[in-house]
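Worksheet: the structure to be examined is printed underneath.
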Amino acid sequence: MIFPIFFTFVLLLSSSHASVQDFCVADYKAPDGPAGYSCKKPAKVTVNDFVYSGLGIAGNTTNIIKAAVIPAFAAQFPGVNGLGISLARLDLAPGGVIPFHTHPGASELLLVVEGTIIAGFVASDNTPYLKTLKKGDIMVFPQGLLHFQVNGGGTPALAFPSFSSPSPGLQILDFALFKNDLATELIAQTTFLDAAQIKKLKGVLGGTN
Amino acid sequence: MIFPIFFTFVLLLSSSHASVQDFCVADYKAPDGPAGYSCKKPAKVTVNDFVYSGLGIAGNTTNIIKAAVIPAFAAQFPGVNGLGISLARLDLAPGGVIPFHTHPGASELLLVVEGTIIAGFVASDNTPYLKTLKKGDIMVFPQGLLHFQVNGGGTPALAFPSFSSPSPGLQILDFALFKNDLATELIAQTTFLDAAQIKKLKGVLGGTN
Amino acid sequence: MIFPIFFTFVLLLSSSHASVQDFCVADYKAPDGPAGYSCKKPAKVTVNDFVYSGLGIAGNTTNIIKAAVIPAFAAQFPGVNGLGISLARLDLAPGGVIPFHTHPGASELLLVVEGTIIAGFVASDNTPYLKTLKKGDIMVFPQGLLHFQVNGGGTPALAFPSFSSPSPGLQILDFALFKNDLATELIAQTTFLDAAQIKKLKGVLGGTN
Amino acid sequence: MIFPIFFTFVLLLSSSHASVQDFCVADYKAPDGPAGYSCKKPAKVTVNDFVYSGLGIAGNTTNIIKAAVIPAFAAQFPGVNGLGISLARLDLAPGGVIPFHTHPGASELLLVVEGTIIAGFVASDNTPYLKTLKKGDIMVFPQGLLHFQVNGGGTPALAFPSFSSPSPGLQILDFALFKNDLATELIAQTTFLDAAQIKKLKGVLGGTN
Amino acid sequence: MIFPIFFTFVLLLSSSHASVQDFCVADYKAPDGPAGYSCKKPAKVTVNDFVYSGLGIAGNTTNIIKAAVIPAFAAQFPGVNGLGISLARLDLAPGGVIPFHTHPGASELLLVVEGTIIAGFVASDNTPYLKTLKKGDIMVFPQGLLHFQVNGGGTPALAFPSFSSPSPGLQILDFALFKNDLATELIAQTTFLDAAQIKKLKGVLGGTN
Amino acid sequence: MIFPIFFTFVLLLSSSHASVQDFCVADYKAPDGPAGYSCKKPAKVTVNDFVYSGLGIAGNTTNIIKAAVIPAFAAQFPGVNGLGISLARLDLAPGGVIPFHTHPGASELLLVVEGTIIAGFVASDNTPYLKTLKKGDIMVFPQGLLHFQVNGGGTPALAFPSFSSPSPGLQILDFALFKNDLATELIAQTTFLDAAQIKKLKGVLGGTN
């Protein structure tokens, strides 16, 4: 009344060097590579590797942009490593804004759960695609294109962007330009912005030179 | 004070046979291929191709499983075609259940927005990974593995699964086995279920033979 | 009469940190990642890494399903690591059956070498695709879909399934449901099977709860 | 006693522009693209698209190389289109040989079913990997590398190579060099072969110039 | 003295619905999809599809940025369709500059052929990577990150960027922000730039609102 | 006047186990895998990892083929690891030739910078595609196909091939056949070349047997 064949079979699959390969939970202590983090040993994997609870509490929006983003990427959430997907939480207080940014490694699909959000992206041909999103609406931002989100109402907005990669990356335009030591003159030359404008934003964001 | 070079450049990129290639909004009337639907002509694309509003209203859960799923896959939401991501809405009334199923073409990342959900998947080595998820929790189900969701509380639950493909597919176990004309004897032989059990579920689900 | 340029050239390619990169024979002692196992040092690779002889002898089919499967996946056969392909051997005694299962990470192409096999898969729309295969016939099972194989004659059948991944995975439906400690009540709720049926199969397969 | 939710759900998935996306059976009359052939309309797909019977009969080996190859690639076998796998049949009479060739688009996994085959490939560092394969042995040839198969015994040999692509391609060295109108002088210059040798093989294979 | 087997074999491969599949030269008149353009019929392909001569002449740099870019992407150069690579020509007169931009779909590898170029990119953590490149130097810009090139000497500079995609895309920061009808107020809100600065650049680039 | 949210956010992304994931500069001392080398720790990455200066000086062409190739693949140029692109330098003195070869892992896009080059590839159907390339011309060689380059004029030629992979591989036909210990008889059997021809080239290239 037993299945000897399967015992044999499973034995082979669970031999010393086997990896289950259904998933590859990130082992942050081993080397990472172009495809992601190394895999945790199967015996050490638990259900908690596949669950992330850090998105349940609103981020602190008492700041100048009145917004907060909490990522659940492979670097924070080991279970998504190698699985082609990740998520984040986005809180926008009234007047809140997530300034222009890109995700170099993923497309984004934004889900509005509370409030109203004005979202937009700009295509390579410079056409802007702009929409006011209500609760339950979703909008997709194709990989690598500049986009933004702004609270479009008088109440807090909550949204959850999902991404087509466990490590989508995030390049915030203002930070890339002004929150480092790039020379003002070089920035002026490569953005056509006035030096005074550049220096002003460097001051706000903590950049130098 | 103008940029003639860019005019030249953009001219080249917008020549008659150019495709913007930032995105490939689905053209449902042209042939589809292994990578997805054909692309709509750029001139016909509008922001509404990138926005989907069908997930804003709860699905009807007054049915035997007390649950409803509304997909926003490439077949419904043309903007995600080719972008490696899609989304769905999941409503679970008290006692509601999404029975065992797989997505042959994608990993799933479930976000609980209201209520409590008991979710689980089974790995290839038959280990079950089971967790009670609260509002704000997320759980990942690796590609192709059997998983389920059950309302874990006395109130309605709302969740949004995102997927690592615009066309994740969905194979519901009971439907695959019982909602068609596969012979009862063959099902019995390949599942070890009793013929009476099979016939009973065929009756419920509308299968024959 | 020599080719100094090539000597220089080859020198560069064989410098201390070079990897041949034609292949990546699995090193089972180093970490694995989402793309597979780490590569063995080129100097340690031999032809035997690319050859596997474990499929030459029939598996033992004197068991309840009268069938045997022997895998040559990356976990057993180091040479296929990273190369997008693997193979297995399938023996079916008269009356033998490989019950419903999926490969979460690969499509399968079954080659019948001896005897007759009734094979089938079920698509996402619940349509079954069923065929009696004779010696020399091949049948493809698309990635992630439920499928089975049954000996269709009175003589032993031999087949070789090949897979579109070095680690296709294997989830056997009955094992996933019944060969673990998932609560009978939860299984009943998520499969619509009767509790008695579940307990019966748990008993046969060694499951608990 | 019915499942209204699923009816609703399936209705959505089977709407007019839906594609099942479990598979993409080749439609040879529509355009093909970099990812393969266009998909046949789901309603026209039958089980016969997933089954190929052309490999059941031995190829005719009464020719100069005493060998025959019959492909079941996407161009012959519509069901493998887009699924990352394909197969072929290889017959080698005593003394038969498949001369040096490459598959530009796939790795190959050779399964010996009858007889003995001497097989080999050469790596980028010019190391040859050579082995005499017996019935049941498998050997992998990494993508794009030169390899060959020779009957290693006094009896007919039968083998089935599987490939990691539905369209692996096949470039036979002698044919690429000699079975076309490339100028003898140019071939001599780019292969270091003697003009007489080139002209001799052009004569045998039907090349000109 | 002939090879009948090969004749048979080639016959199969060249049957009416066969595609050579070594390449997929773009057919600009057929539909395109997520993986690229449809393939030209093999019989219509000539060597000229694989050769592009448009990069041999310097672009016109008598413009405000003293620079010119000429692309050889899949939209201009049909032979690269589906092959994962493309190229462009970059001319920088003394004082010339290619302002900050991204390629949403590819990494770039810049080769300096004449003159001196100051090039840089900014990583997601806002670290700038900056280098003065001389003739023969190459520099890689990872996919999707903001980067720029500036003539670093008193003589014309010539460079050839190659890309890891046949359709890398190009989003020029100033154009995305200022060369369209995005409202000045919205741009101010999402970039922190002063309204006056925005209006000034809109004026230069032909934007409105 | 500060952005506390971003500080929080960046803090998360730069936690101890974070990897920037914009790039994966090769760490030659850690294990490599099918997707490439392990990533250098972000803190150790400098701009010099992204710049390679080894292609600025002509290779030594005073050899029998009057040609030189200098690669900047991932094994030499750590910055391209995982980025899907690489480059090389090709010098051809008058009369110089790069004999028939393949790149098993990449398509090649050749840019002629000085002089004239006769280049060609042969497709799977044995059709040669041949062209005389002038300064500024580019030609693409699809992945895995046999191709060659010959100086087509009386002056030195300089070209830069770029590749669609950081590790394209390189298999030189003559070397694969004659620069190792493959038995002359076996080569004769699998190439149809005369034994005398084989022995002659083995002698030139340093092969044995």
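Every chain is named by a letter (A, B, C, D, E and F) in the order it is written, and numbering of its residues begins at 1.
Please note the rule applied: a contact is a pair of C-beta atoms (placed from the backbone, for glycine too) under 8 Å apart; a residue touches a chain by one contact, two chains touch by 3 or more.
Just so we're clear, the structure is a prediction, and the values are computed from it rather than from any experiment.
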Computing the C-alpha centre of each chain, which chain sits at the greatest distance from subunit F?
-> B
Look at all chain centres (mean of CA atoms) and spot the one farthest from the centre of subunit D.
-> A
Same residues or different residues: which describes how subunit D and subunit F meet, taking over half shared numbers as same?
-> same
Matching interface for B-D, options C-D, A-B or D-E, criterion over half of contact pairs identical, gives D-E
Which integer distance in Å separates the CA centroid of subunit A from that of subunit D?
-> 41
If you average the Cα atoms of subunit C and of subunit F to get two centres, how far apart are those centres in Å?
-> 34
On subunit F, where are the residues touching two or more other chains?
-> 13, 20-22, 31-35, 37, 104-105, 123-124, 130, 142-145, 169-170, 175, 204
So, with touch as defined above, which chain pairs make the list?
-> A-B, A-C, A-E, A-F, B-C, B-D, B-E, C-D, C-F, D-E, D-F, E-F
Parts of subunit B lying in touch with subunit C, wherever the complex brings them together = 97-100, 102-105, 118, 120, 122-124, 126-128, 130, 142-146, 148, 150, 169-171, 173-177, 179-182, 186, 189-194, 197, 200-201, 204
Contacts from subunit D onto subunit B in the complex sit at residues 1-6, 8-9, 12-13, 15-22, 24, 27, 30-39, 81-82
Residues of subunit B defined as touching subunit A within the complex | 10, 13-14, 20-23, 42, 46-48, 50-53, 55-57, 72, 77, 79-80, 83-87, 89, 106-109, 111, 113, 121, 123-125, 129-131, 133-145, 160, 162-165
In their complex, what parts of subunit D are in touch with subunit E?
-> 26, 28-29, 31-35, 37, 59-65, 67-71, 73-76, 104-105, 167, 169-170, 172, 175, 204-206
